[in-house]
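One structure, as structure tokens, below. Some questions next.
Letters A, B, C and D name the chains as they come in the text, with residue numbers starting at 1 for each one.
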Amino acid sequence: MSKTRIRVGMVGGGGTAFMGTVHRIALRFDDRYELVAGALGSNPDKSRADAATLGIAPDRAYGSWQEMMEKEAARADRMDAVIVVTPNFLHFPVAEAALKAGFHVICEKPMTTTLDEARALAALVEMSGKGFFLTHTYTGYPMIRQAREMVAAGEIGTLRRVEAEYLQDWLAEPVEKTGAEGAVWRTDPAKAGAGAIGDIGTHAYNLAAFITGEEPTHLLAELSSFVSGRKVDDDAMILLRYGSGAKGAILASQVLTGNGNNLSLRVYGDKGGLEWWQERPEELWFTRLGAPRQLLRRNGAGSTAAAIDGSRVPAAHPEGYLEAFANIYRDAADAMDNPALTVPVPSVVDGVRGLAFISACLASSGQGASWVPIEN
Amino acid sequence: MSKTRIRVGMVGGGGTAFMGTVHRIALRFDDRYELVAGALGSNPDKSRADAATLGIAPDRAYGSWQEMMEKEAARADRMDAVIVVTPNFLHFPVAEAALKAGFHVICEKPMTTTLDEARALAALVEMSGKGFFLTHTYTGYPMIRQAREMVAAGEIGTLRRVEAEYLQDWLAEPVEKTGAEGAVWRTDPAKAGAGAIGDIGTHAYNLAAFITGEEPTHLLAELSSFVSGRKVDDDAMILLRYGSGAKGAILASQVLTGNGNNLSLRVYGDKGGLEWWQERPEELWFTRLGAPRQLLRRNGAGSTAAAIDGSRVPAAHPEGYLEAFANIYRDAADAMDNPALTVPVPSVVDGVRGLAFISACLASSGQGASWVPIEN
Amino acid sequence: MSKTRIRVGMVGGGGTAFMGTVHRIALRFDDRYELVAGALGSNPDKSRADAATLGIAPDRAYGSWQEMMEKEAARADRMDAVIVVTPNFLHFPVAEAALKAGFHVICEKPMTTTLDEARALAALVEMSGKGFFLTHTYTGYPMIRQAREMVAAGEIGTLRRVEAEYLQDWLAEPVEKTGAEGAVWRTDPAKAGAGAIGDIGTHAYNLAAFITGEEPTHLLAELSSFVSGRKVDDDAMILLRYGSGAKGAILASQVLTGNGNNLSLRVYGDKGGLEWWQERPEELWFTRLGAPRQLLRRNGAGSTAAAIDGSRVPAAHPEGYLEAFANIYRDAADAMDNPALTVPVPSVVDGVRGLAFISACLASSGQGASWVPIEN
Amino acid sequence: MSKTRIRVGMVGGGGTAFMGTVHRIALRFDDRYELVAGALGSNPDKSRADAATLGIAPDRAYGSWQEMMEKEAARADRMDAVIVVTPNFLHFPVAEAALKAGFHVICEKPMTTTLDEARALAALVEMSGKGFFLTHTYTGYPMIRQAREMVAAGEIGTLRRVEAEYLQDWLAEPVEKTGAEGAVWRTDPAKAGAGAIGDIGTHAYNLAAFITGEEPTHLLAELSSFVSGRKVDDDAMILLRYGSGAKGAILASQVLTGNGNNLSLRVYGDKGGLEWWQERPEELWFTRLGAPRQLLRRNGAGSTAAAIDGSRVPAAHPEGYLEAFANIYRDAADAMDNPALTVPVPSVVDGVRGLAFISACLASSGQGASWVPIEN
């Protein structure tokens, strides 16, 4: 075969876990990867069985991620990269081991459960020279990338305000008590690190920076746990101050009935505004001061280079979440193939920023919701 | 004629001022009022000329509101009520004089420019026994009244979160410097009392209370003036705490390009959620926990009594802003005709609450955006 | 009073009939009319009682429209115009009598129940020199008038296709059997002349011509009566051919569940397209070939003169059905005051075209849905 | 490897052709297929080069589809199925050869260019016992499959009306003259067979049958070629009659500016209505007679088995066109693995119906747009 694909091993993502399936579809999307190894869960036997159903060879279906790191490192046809789709508290040790063994890392967010771990990982990445890719899915949407290019090109002028919302309702009831998939570890402070701010707030925070190119310096966070007995925050109202004088608000909640995965970003400058809703990801609203609102569509009239590059099908043939994910995988592959390349994929630096955000939210909330600096 | 109409005199609203026209259409809407007197502006000659074009008899076209109060009080066919549509700083003296002369008052919001004035007016209304109606327009929308009834009926359960936005863009540039109508006095602290928080923030604040039936006890306000040289706030991010444990956010801005009059209210409880956007006022989204989203339409399937009562045309024949305004006028007429009646029109008590909100916003902002109590 | 208002008498529209209320609100809207006389129903006593509740003087509350014509004609302060809001079959005799007595006429659509009557009325209007105004409500919407101006200005180029839909669901069941208001006479061939094609199809047909400035020459109509026992069509699929080579489709139905008053017009030329939905009347979508879609808003950026002239409140303060109706009344008043003026209100000529449309639909349907000429 | 994948060879789809890429992403999506052979274009050298870039082994990168059929048939590890993504006129000979050589066929629509070919192919499939899958993409959308299940379950009652639209604008200008990709052969009668009716009309026609479970018996078609010099229809207005008494309209056009890929299906019965728009494929509107409109979301509350089965990610994480395509591939794989299984993928029978539709459209149009029977 004249074509070389990147060999990857996956940690976590066994069984019917949502994110494991998503990562696997994304890696097959553009045929740039080959899934050759796996340590798919905490139960060794189940891990190996799950690997078999995915077509992983028996000798590379591992019982633990430690075993995978050790044995793969010793193979001539060793894997090139590790995909980390475990609960949050394992991100750090797995990524650390992978980097130390000389593998690239593709890692779910939030990058770690503490800011210290995040900083340690950043140092390790720097030393290792390997690629580190943080799957902030939503940065893979073509219209998000277009928004970023339009802001950079001055289309909205000087930034004034950011409004970011990430609203869900799947935790409106204490579903963790009935063992709902994904809810148990996400509401366990030891395994998740934080609640809504970590699970979805970091996405909104990351996206705001991705689009505007600006990082806030201070924040104030009013965190709540509306569901009785819940041990982590399930609702957050966060205000942001930027060094430039811009301001922002992030509203993140997992208990607002009627919201599925209602992530939205609206950014306004002194010359125009851009608005995007994740549930209709093909559409980007753009308004120039004094002009009619324009509805920009992926790959349609008015597309920027990034939106065209990120599109696989013509305008109005809807793409979605998996395509966004696949863009991140595709770009990560480009960067692994050519380390000199700059790709629009969140890095370990963004991972540190995410933890600094979570850390500042907790600090602010602990002080009765007062202003605190964000210490990246 | 077998029909008796309420005789009204208007203060302010001459020339092409937007709000004067709106009040006059609203009072004619249901044929419950007769405009018999006017002191329509600060220039006596122009006031009288404007009155003539509105069909007001020459002897009741007054040069000043003081003159109107005095002469009308002396007539056998004296007016019954005074409509106050002046810039904010005149609301108090005009309303005070009207109540003292024994006239009902229909008054624009914010009710006064200071909390002290507001409290004084409340005391005066109490003593006078006359009706006082505050034209928080948006409470007149049938779907807002339906939302209020649905919340009261327990449809969303115990309140958790309020999200209120009121976003505009007409002050995105320093239009007050070019004398744009309505912008000059609205950005003059002496005449307006406050900026966005008073002009639009009070609407959002009032509406949140109108729908939920709960008043917050504390707030935190981050106010900004994004336009260089502007003397009042043009952007506000406000967080709310309720005694019940509920939380809320109000985002009010007049500088976010692409937003016309983008007022929205979303309220969520432990059993469901309700969402409404002013620019599509005929639609109310309702989601019960675990059920599909429903689109409720004015006067359509699922309508409550208030929505039907507030409708003049069948479902899907759009009603709008003027119909909402007319509902307030119609209900005020009912209440003037029958003082024992309770009508869903904001009162002097709501006016005090509005000023307490503005006052608390300024206090919080003055302390670097920290939490302060709201002192009604 | 320095102001003169047009004196009107109303025929039909008593009790709680929807359209009577609509006409009365519209005539009060801009204070250009005074309702001085009425023959509001077929029952003389009830007609007089209804008139009293509307504030009409006892001596001008008539028991029949014949009586009204006769007595008003003899008064010194006689009415200036007659408003016809009866069931369809009375439009002709009432309008005829009014014109012969020298009154202007404001008439509901469809203008008559037969094409012969329509032509006779047109001849009479011509002879009489009086104004005749057909209340095709939807032509009063500012964005419809803007669409018309944009087409005339060449914004969409040479017309290719018209898509007009008018879909409702209120007749999805045989509600006429239970005496539902408005349904009984509308489904009686003798009183209505036709079903959906007359009640709503004519609106769509009129609007297509209003916007495009072109009249089709031939049509083909597939008419159905889906509800068992219904005596008129309740669903129509109509194809149009224009002399210019343009084509069109009109889909009109009163039995499609989920549609409230879903009237839409989409017109496409070789340079662009315009799209409008009545249930969101403030929005007009405009796309130039090769450019992003633009959302034009009433009185907002990109407004034409007609849209601004037809607006009473700023952009994004929704106007609706009643404001559209009021625009027709306001413009009719202008035309009555100044007969030399051209106003964008449908005339007796449009009324004839409407009946020619209905007549052609019935002819085509009678021939198994084949192409027939439209004979205006 | 414990997993067996279906081996496929592709005919057509080389270079940057849109549909080839789509088919390849779809076949990788669920890892059920392996692309082992290809004859990707009409130029042998380019075909082989394109195959190499896709990772096809040199000895299976063929210069022509005839060569592929011959050599693959002789291999021990021969391919299992052929994917046909050529221009329309080659569908028949390629599919015929594949079936005769004992391969399953996955074929683009329209199935052939003439009804005779379609019938011949149907006979051949019957004889061969091999699977034949027609990629009517839109049937793969979960909400379309849910609509089908809801209609079958009686949710809308007895069918009354179908409204299907498929509107595009990419052929609004004579782009075939400038050699625009895909436009040249699609507007060549010899290669495409028909214009808009074949390219997009068949999708709408197929989808209507897929959802309703009813086939119309007669149609009437008004076809136009609005672009000067165009040799095929670029606009079609089609009326349908069903044996049951139901009626339908299909509007298909490729010249209506502002429409990207605006396919919609609305079906109404005597108990309810269902409405779906392809550009927002995650949403299905459902209205029961007399009840509020409900917005059903893929994999959300109210989902049917088919919608859940067709979903890969949770509700509100948008899926789109490629996921719909992948569903067809996944289900075809199920059927190839287990021929006894019934899967909701269009078959050769649907292919014949599509050609009968095209044939009837041309016949009706040739007779001045009169009613003709549809002869499957």
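Rule of thumb we're sticking to: a contact is a pair of C-beta atoms (placed from the backbone, for glycine too) under 8 Å apart; a residue touches a chain by one contact, two chains touch by 3 or more.
Quantities reported herein were computed from a predicted structural model and do not represent experimental measurements.
Chains that touch both subunit B and subunit D are the following: A, C. Centroid distances from subunit B, each centroid being the mean of CA atoms, peak for D. Spacing of subunit A relative to subunit C, judged by their CA centroids, is 55 angstrom.
Subunit C has its Cα centroid 35 Å from the Cα centroid of subunit B. Chain centres here are Cα means. That of subunit A falls 43 Å from that of subunit B. Residues of subunit A found to touch two or more other chains are 259, 286, 293, 297, 300. Those residues of subunit C that touch subunit D in the complex are listed here as 156, 160-161, 163, 169, 172-173, 220, 222, 224, 226, 235, 237, 239, 241, 247, 249, 251, 253, 255-259, 266, 268-273, 275, 285-289, 293, 368-371. Residue ranges on subunit A touching subunit D, taken from their complex, read 1-3, 5, 18, 21-22, 24-25, 28-31, 52-58, 259-262, 278-282, 297, 300, 312-323.
Residue ranges on subunit A touching subunit C, taken from their complex, read 286, 290-297, 300-302.
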